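What follows is a short report on a single structure.
Which chain is which? They are A, B, C and D, in the order written, and residues in each are numbered from 1.
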Amino acid sequence: MSLLVPILVLSGLGAAMGVGLAVAAKFLSVAEDPRVEALVDILPGANCGACGYPGCSGYAKGLVAGEDVTLCSPGGNATVKDIAAILGVEAVTVVEKVALVKCAGGRNVAPDRSLYVGPQTCRAAVLVGFGNKECRWGCIGLGDCAEVCEDDAVEFTADGLAYVVADACIACARCVKACPRDLIEMVPKDRKVHVLCSSHDPGKITKNVCQVGCIACKLCSRRDGKSFVIEDNNATVLYGEGSRDVPTAALICTPGAVWDANMYDQVTWLTDPEARVHLKEQQAEFKAAERAERAAKKKKAAEAKKAKEAAADKAEAEPAVGKPEKTEEAPDQEPEKGAE
Amino acid sequence: MSVSFRGGIHPRYAKELASDAAIEHLPPPDRAIVHLSQHIGAPATAVVKKKQEVKKGDVVGEAAGFVSVPVHAPISGKVTDVGLYPHPFGSMQEAVVIESDGKDQWTDLPPKAQPDSLSGEEIKDRIRNAGIVGLGGAAFPTHVKLSPPPAKHIDTVLLNAAECEPYLTADDRLMREEPRRVVSGFQALQKVLGAANAVICIEENKPEAIGAIEKAVSKAKGVRVATLHVKYPQGGEKQLIDAVLSREVPTGGLPMDCGVVVQNVATCAAVDDAVRFGKPLISRVTTVTGEGVANPVNVVGRMGTPVQTFIDAAGGFQGTPGRVILGGPMMGGAIHKTDIPVIKSTGGVLVLTPEQLPSGDFESCIRCGRCVRACPIHLCPNEMGNYAEVEMWEELEGLDVNDCIECGCCAYSCPANRPLVQLFRYAKLWIRQNQARAKTAESKDEK
Amino acid sequence: MAADEKDTSSGADKGADKAADKGADKAADKSADKAAGKAADKAAAEPTTEPAEAAETVPPILTVASSPHVRSGESTARIMWTVFACLLPASAWSVYIFGMNAAIVLATCTGGAVVFEALVQYFTKDRTMVQDGSAALTGLLLGLTMPPAASVVICLIGAFVAVVVAKAIFGGLGHNPFNPALTARVFLLIAFPGAMTKWPVPLQTLAEKPVSLYGQATTWYSSFAANKTLEPAAAKTGTAMSALADKVDVITAATPLAVAKEHWQKGTGEVLHYSDYFVGNMPGSLGEVSVVVLLLGAAFLLIKGYITWHIPVSFILGVVVMAGMTHLASPTRYMDPIFHLVTGGIIIGAFFMATDYVTSPTYPLGMIIFGLGCGLLTMIIRLWAGFPEGVSFAILIMNAVTPIIERYTRPKKYGLKPWAEPEASK
Amino acid sequence: MELLILAINAILVGNLVLAKFLGICPFLGVSKKISTALGMTMAVAFVMVLASTVTWLIHVGLLKPFGIGYLRTIAFILVIASLVQLTEMAIQKFSPSLYEALGIFLPLITTNCAILGVAVMNVDESRSFLPMLVYSFAASLGFGLALLLFAGIRERLETAAIPSAFKGAAAALVVAGILSLAFMGFTGLV
């Protein structure tokens, strides 16, 4: 008896509560999509905001509501596949991207016009007379991008120029938003040829403020209009369908605004003055070779013509032989030509 | 009996440097870079071409819309270029470059007239055609201020002669030397607006100017002089209205929302030139002062003259210059180089020595409340500064950062040397951009 | 730098007169000047070195910054050192009253605080800010809340709690939610209740000087005959205190507030003359003993505008109202307001602790609410709670309420005043 | 008068969080913003009064008559758990935003020592019905006061440059400690 009472009381209480809860569950329940949880599990959990949602769980809810499945850049293709599997939609292949600072103008090539005093952030510096760099488009180098980068992928050259270490970048695109000069663009990871200049000033002005700025001479876009386009005094690389890494682009760009990762790695390109000298030589060689080729073609055509005409005068072919000799002079001429 | 507002600071005025220098005229420059954007609103559109001959006073840029004014050639000569040139605000802006022919010849001006014989509309037309903007610093087109919507009745027009910015003496000199011109221009504005009351508001520290103006208005009807307590920013539009009329400009509104229009001394002088002689605004009085120049002066200079010319007129730099500021030390903007041309709103060229400049290093807020007591808008710069530093925008908006007039009182009084104004500027910019972003996103959604 | 500060502060304590004031002032000015000078040098260096090589026609490199381009010249360091200097008279007086032991306590607290701050900044790789004087000020304030006989170890623990636990953890000066000195004091009071409530009798009383006080001293001692160190019999006979002093190390007694709590509320014991409280001739913590010298420093701060009247006045008002009401209701049970004002830490609390910028509200209305709250809570604790003194607790509690007070007392901004067009003009 | 003293005791002197160190979990968890702190306070007040009443009734009406007072812990936990479950469901249904704000902390009230503590204290002190009600409500008010003060401080700390090692809970706990020290001043008040 003494044992029975407590047992009865307790089980009675338990039963009453259980019934109450069961009733409540029936009337007060709120449905939740189980897929949300599954999605949260497979998302990378970086909470970087690249998708436009405040966090991974936000994106997960958005996905259930029908959001685009390709928005998670840190996760890359694998995540897209997983998401598609959970949602039961077709997987799309996405191009993996990486952030790129589209400016090569450190203080060594693009000087400051005055000394800025104040909070050492780019966003504060540009408020004071549009920044103290002569080039009003270039990188200020105070590191707002590095500040928001949680993967320490942004580094700086000795001359105060930011660049993104591609291997460390997870493509969260936070730096893109942080840069007050909109210098950072998300570019496909596998592309090698980029224009490192964002100046929209006319070439005449750009040339005065930066040694490596794009002067919109159109040499690149003329060579491949599908990969380069000149917009508002600035050469822009097209990364979309039908474009390619133009292998000769770096060799024809007179100011050296085009960076070809196949030729120079990023740090060398941005910091080593030798690279520029080397490029000039390469450009000269390339130009000479092209000229020679053109001349040869011309000669061939002429020869063909002549052969057709079956004429006897062969003295005309002489200049083609003389041209390769000009190679050594070419570097000096380069800037002059580009300026025009 | 002087009047004032709550808040504000008492900086070192240093007006004595230039206040005794009578106004001199700078010779016309050999080459003038005339910016098409010398005012708030749409930049003027160039109407001259390279190699075109222009005479002094010819229109080189036409107003692009209502909130815009024409720009005139300050010298006679040949247009050598129309292109991008460094602007005093730091960016590159479109400008017309005129090479002088040395003759300095006026173009055909509209006929001379007496303000009494002209109707309000005619006066307004002359003002607009003369390209007159508010010369106090904001450079807001004057004719726009003179065209209140019909629903808004303007009963008072104020002449802002406080000149509360330290160092500057241009308005003071102008009132002392040409009080009649100032008063006449002011009365023309009163006539356009049909305002019953007109008050000329001068800070107490300019007794000569007060005397001269009082003499000039002794015959004028409906114009009175009010003396103001010496305090910065007494010449702020909102503070002036509060001090003189005990009215408050509603948040987000304009002075006309409480029945007031405020005009500046130099503007009135320019208005007088335009109304009486049809002369466009191509020159103005500018104070060249500061411890960094040898011999502070007040000069009349043409728009488009390089800043360096002004500095040379003041005897050049004295020692190593630390900073060159267009305007006063509280709200003026520092310039990067001295080869940039002046524009209509350049009322002062101030050169400070490196020793005078505050350091850029700052510390944490210690919540001493000096900024709170100094803020003329009665905001909470201390909290706003803390939020701005960690970029908590919602909180900032909640603290009315958008009401900040960037007068600099808070940063001036901050013992921790915090760059409050700069932080608020950034915050305002960010909030504005964010709103624009939200709007575009919304319109996208609707589509 | 840290060593410098230590020397300055301890030296000042030993000297303990106006010369010391000047020394601290000078040190403050010097450090401020140095900081300013450095910045100027930095700015100046650039323009001069670069164009020197180039031709003369090259314009000098200008500096740019956001407006305003001039500053008031006020600095955190100057504020802190000024307050520090204003506390020196009180420190000197406490040394005069309690002897070398007081100097040791003050020096240990101040020096300890400065050293801990320097260490923290060394380890956090932060910009060294010891020279701004906030650590020294915190240390001195802590020292002034300590009993004169506090041991060096306790002082150092207090300095550690004040600088590291109550301040550095929250990000240093400007971010600490609680007054560091008071946090440390309350911590010590609760951690070492015995050591923190051992109040030695002032030297003057013992050494029979000034003579006028001597007569009262005997009666005074009789009122806490229950005291442990002093033999009741000796006290009762009224032997010369100096003679007694030779026999024991320290003669301790209860503070007037404790006595009030213990005895007077029950109707026993006698009251010391108010003038003694006023000049500080009573047992108590170093900084609470003399109202006069504290008020001297406070007056300077008020005149210079370093503190505003809001908090002190409302604090004192709160105390007076509360004490007045209870005293009127039951004069035998509760002491009168004057007694409450001149004993304990109300003056140093109201003028130097509660007015700490960082931990008190910034807006006038908030300050008044804060001050009243401090006053009322102090009295509630003094009259009805277990502790004889409530100032530290009251201020700490109000520190906690500060963010909420501040949130609801922000000034009304410009531009809300409605303007109706006058009828006549329509 | 007795009830008033009881209430003051519950709010200040014997503050649940700062003196009895009960309910630290929601105290730390839901005190980042003043608004959520208020929501939490209301939830706690509601649950506390409800749970105390029900447990008191069960104790007086069920356990005591049968002489099985020793079972109260189990019985109370059972009842409180179910009650909180019900509350949670109701909030999720009727105020999703509050539910979102309280997040994980609502279920945590279930096993919260503060609730159980108050229920047990009521029984231990053999309070009659009215004092029990007053005490439960005042205790939750005390909890709310602590939470509110704490939230105010933490909102301010949002802008503070706290060293990374102390960010978040560490700094919050230090604040709580100092707050508790300050509240010790009330010791012996009643």
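As a working rule, contacts are C-beta pairs under 8 Å (C-beta built on N, C-alpha and C of every residue); 3 or more make two chains touch, one makes a residue touch a chain.
Note that the coordinates shown come from a computational prediction; the quantities given were computed from them, not determined experimentally.
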Other chains in touch with both chain A and chain C: B, D
Highest-count interface - the chain pair sharing the most C-beta contacts: B-C
Chain located farthest away, centre of chain D as origin (C-alpha): B
Chain B and chain C: spacing of chain centres that average the CA atoms, whole Å: 48
Distance between chain centroids, defined by C-alpha means - chain A, chain B (Å): 43
Mean-CA-position distance for chain D and chain C (Å): 36
Chain B-chain D separation of Cα centroids, rounded to whole Å: 60
Where chain B touches two or more other chains, by residue: 333-337, 357, 359-360, 364, 419, 422, 425
Residues of chain A engaged with two or more neighbouring chains: 114, 116-118, 124, 127-129, 132
Contacts with 2+ other chains: residues of chain D: 159, 161
Chain-level touch network, classified as line, ring, star, complete or other: complete
Contact set on chain A toward chain D in their complex: 5-6, 9-10, 13-14, 17-18, 20-21, 24-25, 28-30
Chain C-facing residues of chain D, complex: 34, 148-150, 152-153, 155-157, 159-163, 166, 170-171, 174-175, 178-179, 181-190
Interfacial residue positions of chain C with respect to chain A in the complex: 43, 46-47, 61-66
Chain B-touching residues of chain D, taken from the complex the two chains share: 158-159, 161
Residues of chain A that touch chain B when the two form their complex: 113-114, 116-120, 123-124, 127-132, 136, 201-202, 205
